[in-house]
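Same chain, two partners: subunit A is paired with subunit B first, then with subunit C.
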Partner chain A sequence: MSIAVRNVTKRFGNFTAIDDVSLEAHSGELLALLGPSGSGKTTLLRVIAGLEAADRGSVHYHDEDVTRRSARDRNVGFVFQHYALFRHMNVLENVAFGLRVRGVRGPTVTQRVRELLHLVRLESLERRYPSQLSGGQRQRVALARALAVQPKVLLLDEPFGALDAKVRVELRQWLRRLHEEIHMTSVFVTHDQEEAFEVADRVAVMNQGRIEQLGSPQEVFDHPANAFVMHFLGNVNVFHGRVHDGKAHLGGFELEVPEHADVDVSAAAVYVRPHELAIERSAASGRLPARVVRVHAAGPVAKVALRAEDFGLEIQVEMPVERLAALALATGEVVYVAPRRIRVFVPEAAEAALTPEYAI
Partner chain B sequence: MSEPHLQFVAHDRRAAPSASTTTGVPAAASTRTLVPLRQSTRIAARSLGTTRAGDLTSGPGLRARATVTGTAAIEQVSSARAEARDAVPTNDLSNWKNAQQDPLWVRLTLIGLAVGSLLLLVIIPVANVFYQALSAGLHAYWDNLFNDPDTRHSIWLTLIVAPTAVGANLVFGVAAAWAIARFRFPGRSALTTLIDLPFAISPVVAGLQLVLLFGLRGYFGPWLREHDIHVIFALPGLILATMFVTLPFIARELIPVLEAIGPDEELAAVSLGARGWQVLWKITLPNIKWGLLYGILLCNARAMGEFGAVYVVSGHIPGQTQTMPLRVDRLFQGYNTPGSFALASLLMLLALVTLVLKTVLERRTQRELAEAAKLHTVEIES
Partner chain C sequence: MSRRVLPGFRLSLGFTFAYLTVMVVIPLAACVAKAATLTPSEFLAAVWTPRARAAYVLTVGASLASAVVNVLLGVLLAWVLVRYRFPLKRLFDAIIDLPFALPTAVAGLVYSSLHVENGWLGQFLVPHGIELAYTRAAIVLVLVFIGLPFVVRTLQPVLESVEHEVEEAAAMLGASRWQTFTRVILPMLLPAIITGFALAFARSLGEYGSVVFVSGNMPFRTEIASRLVVDRLEEFEYAQATAIAVVLLAISFSTLIAINLLERWSQRTYV
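What follows is the complex of A and B.
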């Protein structure tokens, strides 16, 4: 069943948590709401679940307007950030809770609960209490509990946020497999772009209560809609300069930007991802001379920090270790940095104040 | 046009996740120091619990433990672990303890002062009550308690007034604490302050205001007389006065517990289809049960022992409006010292039972809070 949010606004006092957002999750899709803290992603999820009431706008499940319906009657499965397991009940009772309060009695409950515990691979722990479980196990109990009432949609608030790195990676692969098994329309909130890209079918990048971009992970990463998205999705080198006549002027250094042939602005920002920079030994036009400051070769990707002394700025470059070995860089040596791919974001007048100094 | 400037900003997204998780531990801390943190919090919590119970008699050991808080504890525990692993024989720990210790004469003086004042102010008076009560023998003690109809009535009256007042405050306390901890509404801070008001008002004044309202010459006096309803100098007045002075206990105890537990479990229950009453009975009350019992206990102890407010509204009618504390006073004023002390010993017994239960419940409440905190922190071992 599809979920649609239409023109939803939610304020807390003077703070606008969601600002006129419209969004649709297709039937059977796994959609990620990705954004920094305070971007309104959790509030949006809670509005969808009915745990918060929108000030304006409407929420639809399939063709049905559920805006005025309480969380109890929306029949959603909601997984809380800290799982919110009932601490005085064991695993079995936790999962059975939703069925019991809906008046289901007898062996049906136990049978359904056992099925779910099998699904989340926790059969052996049904008598344990939440405090006796690890973070990953609690997470799966929360998921089983949410699925017990056979919800029409599944909503997850930072499902992996409170786990340590290793468990987090395992669980998100598991969640992806689970989603392929049960194919329920699901929306999850995360601030981790890696997580969103790995698990979700589509990603909505949120900032300051708005959706900046919506698309498949590939689309969003390869074609960021604006400077915010570019910043948010990983490390990036930023050069500030002027765009004029289809060229970006960065100090004494020029780059071709044919797609911006008709603009003339003095405060454009040029973005280059560290892996989209190449290091060359020879000088050429469009190559920036820089001195090697540090080389980190641990892991599959080598990171090189350079300093372009003419401009007094530091540049980060990433490359495969094989390439680094072939180059045999020495600290202090002068090389030439060539961008393979650049993106120029010309700030609109209104956006000019927002874009440059965003950092997390 | 100004000179085109060049600027480089490194934005590292990967630092974000650790910053927004809720460990409460600096991201830079290594896992080795993360694990002992939980132990140290437990130590700190335990030592806080003991100091709160007012246990001064255990001396320097307790004092040393109570000062182990925060970073000191982390360093201490982690260094102890590191030592154990490296198997390097050092005496860092004992040195550390010595550094915290005062000279012998200081310790003896302080312990002497504490024990002395405790003896003089608490232990001797308490022992004396029982001594006086039993001085004429067990038989006389029994006679004094249960063969004097007025004394018997006072016990019975207290057993009616106190539970009624506690029951009323239980309903009010849970409702008020729930409203204050879970909702933001206009007048919320005013309500929080109002709940504390009975603590600030002298009980005598509390009694007087009831007389001014419900007494014969009070605002409602004529109306009440017309309908033949007795409030002042009767049971309803006693209950009202007791309710007023014990109003804050339950709400005060519950607000921090509810706030620590947070609304998530209740919201989870709602999203699973539970109705309001189901949430209250199946989720909220089980979670706050120890804090609630603790509040009831304190409320009950105060309700049974209340003197000032009840004194004003009672009219001192023996066999009708004398609760136990009032009866103790009357017997004493009437030179019936053994009778007075016999009844006083009963109140004292109640106090001692309360104290034991209070210690137990306080520990349970602390555990309730600690568990709430634990379920909200990151799991390290998994």
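What follows is the complex of A and C.
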């Protein structure tokens, strides 16, 4: 069943948490709401669930307008960030809760609960209490509990946010496999772009109560709609300069930007991802001389920090460790940096990139 | 024993033992020793008169009744104080503690003078048959006043710790508000309710000052066991007085143990 949000606005006092957002999750799709904290992603999820009432706009499940319907009548599975398990009930009772309050009795309940515990691989722990489970196990109980009432859609709020790194990676792969088994329309909230890209069919990148971009992980990563999305999707080099006659002037350095041949702006931002820069030994046009400041070779990807002193630029480059070994860089030596792919965002878009520069 | 981070284990443990000995064990032992000067038949004659039995029943009964009322009132009050925002909330919150600080004799006097036939409240209530001075109901009333803060103060922090998300989770699973309250919130509060009940009950068993002023101390009708002890003392029958005190001690002690077991049972699952 599809979920549609139409022109929804939600304010808390003077703060606009969601600003005229429209969004559709197709039937059977796993959609991620990705954004920094305060971007409105959790509020949007709660509006979809019925836990918050939208000030304006409407929410539709399939063709049905559910805007005025209370959360308990929406038949939605909701998984909370901190699990929200009932601590006085064991695993079995927790999962059975939704069935019990609907008046289901007898062996049907136990049978249905066992099926779900099998699905989340917790059959052997049905007598345990939440306090006796690990974080990952609690999250799976919460998921089983949400699925027990056979919801039409599944909503997950930062489902892996409170888990440690290794467990989150395992659990998100497992969630993806689970989704392929049950194919329920699902929306989940995350601030982790890696998580969103790995699990979701489509990603909605949110910022300041708006959706900046909606698309498949590949589309969003390869064609970021604006500077904010570019920024948010990981490390990026930002160079500030002037765009004129299809060229970007950065300090004294020039780059060809044919797609912006008709613009003339004095405060453009040029974005280059660290892995889209190559380090060469020889000078050529379009290559920027820079001094090697630091080399990090731990892990599969080597990170090199450089400084182009003539232009006052700090540059971050990533490359396979094999390439680094072949180059045999020494700290302090001067090399030439060649961008393979650059993106220019004109100022009104660049304004969106007000997030602190955790890139360079 | 391994070395502790903080020093002073022996000192603090020694102090604790010394304190308990001087403040609790020696007085209780003296009490038992005094009662032991009676022969078994004298002891029985002192503690098992019809008048004494009526006093025990009244003491325990009134304490139980007041503790039950206090639990109901206390849950409501704690709920209101934790969940809602309203003007003068902090003042209300502070007033809850008043019975802790107020001399209980004052409470007893105030209640009795309010509820006598021509008192502020009595003039309206007594004509309708509601006599809350010099009756058993009066005892329960004043014990409710004395015990209330114990329940409220025990419940408040626990209620605050119930995450809002848990209620939302119940609602998302289709539970009505009533189902959420009875199946989720109330069971989570149960250990604290039992603790609050125990504290209010124990406090009521030992209450003397307020009760003697509101009850009228009529033997067989409104005389509590502590009052009987004082009666014996006034007749210079010290051994008989301590014998009754020992019985009271035994009642308190066994109820406290029973409540402790109940508490442990209610928390068995999630501590």
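Going forward, the second predicted complex is superposed on the first by the 348 of 360 C-alpha atoms of A that agree within 3 Å, B and C clash if a C-alpha of one lies under 4 Å from a C-alpha of the other, contacts with A are read in each partner's own complex, and residues count from 1 in each chain.
Assume contacts are C-beta pairs under 8 Å (C-beta built on N, C-alpha and C of every residue); 3 or more make two chains touch, one makes a residue touch a chain.
Worth saying up front: this structure is predicted, and the values here are computed from it rather than measured.
Visitor: Taking subunit A as the common reference, can subunit B and subunit C both be placed on it without clashing, or not? Answer clash or fit.
Guide: clash
Visitor: For A:N90, select first, second, both or neither according to whether it touches subunit B, subunit C, the two together, or no partner.
Guide: It touches subunit C, and subunit B stays clear.
Visitor: Touch test for A:R72: subunit B only (first), subunit C only (second), both, or neither?
Guide: It touches subunit B and subunit C both.
Visitor: Counting only touches as set out at the top, which of subunit B and subunit C does A:P320 meet: first, second, both, neither?
Guide: After superposing on A, A:P320 lies clear of both subunit B and subunit C.
Visitor: Determine, under the contact definition given at the top, whether A:G286 touches first (subunit B), second (subunit C), both, or neither.
Guide: After superposing on A, A:G286 lies clear of both subunit B and subunit C.
Visitor: Does the superposition put A:L51 against subunit B (first), subunit C (second), both, or neither?
Guide: both
Visitor: With both complexes overlaid on chain A, does A:R242 touch subunit B (first), subunit C (second), both or neither?
Guide: After superposition on chain A, A:R242 lies in contact with subunit B alone.
Visitor: By residue count, which of the two partners contacts subunit A more extensively, subunit B or subunit C?
Guide: The partner with more contacted residues on subunit A is B.
Visitor: With the two structures fitted on A, what stretch of subunit B runs into subunit C, 7-15, 25-33, 79-87 or 313-321?
Guide: 313-321
Visitor: Per the definitions at the top, what is the overlap between the subunit A residues touching subunit B and those touching subunit C?
Guide: On subunit A, the residues that contact subunit B in one structure and subunit C in the other are 49, 51, 70-72, 75-78, 80, 82, 84-88, 97-98, 101-102, 130-131, 145-146, 148-149.
Visitor: Going by the contact rule set out above, which residues of subunit A touch subunit B in the complex?
Guide: 36-37, 49-51, 70-72, 75-78, 80, 82-88, 97-98, 101-102, 130-131, 134-138, 145-146, 148-149, 161-164, 167, 191-193, 231-242, 249-251, 266, 308, 311-316, 356-360
Visitor: Note which residues of subunit B are touching subunit A in the complex, please.
Guide: For this pair, the touching residues of subunit B are 1-2, 4-17, 19-22, 264-265, 267-275, 278, 282-283, 286-287, 371-372, 374-376, 378-382.
Visitor: Quick one: which bits of subunit C touch subunit A in the complex? Just the residue numbers, please.
Guide: Listed in rising order, the residues are 163, 165-166, 168-176, 179, 183-184, 187-188, 190, 269-271.
Visitor: What residues of subunit A sit close enough to touch subunit C in their complex?
Guide: 49, 51, 70-73, 75-78, 80, 82, 84-90, 97-98, 100-102, 129-131, 142, 145-146, 148-149
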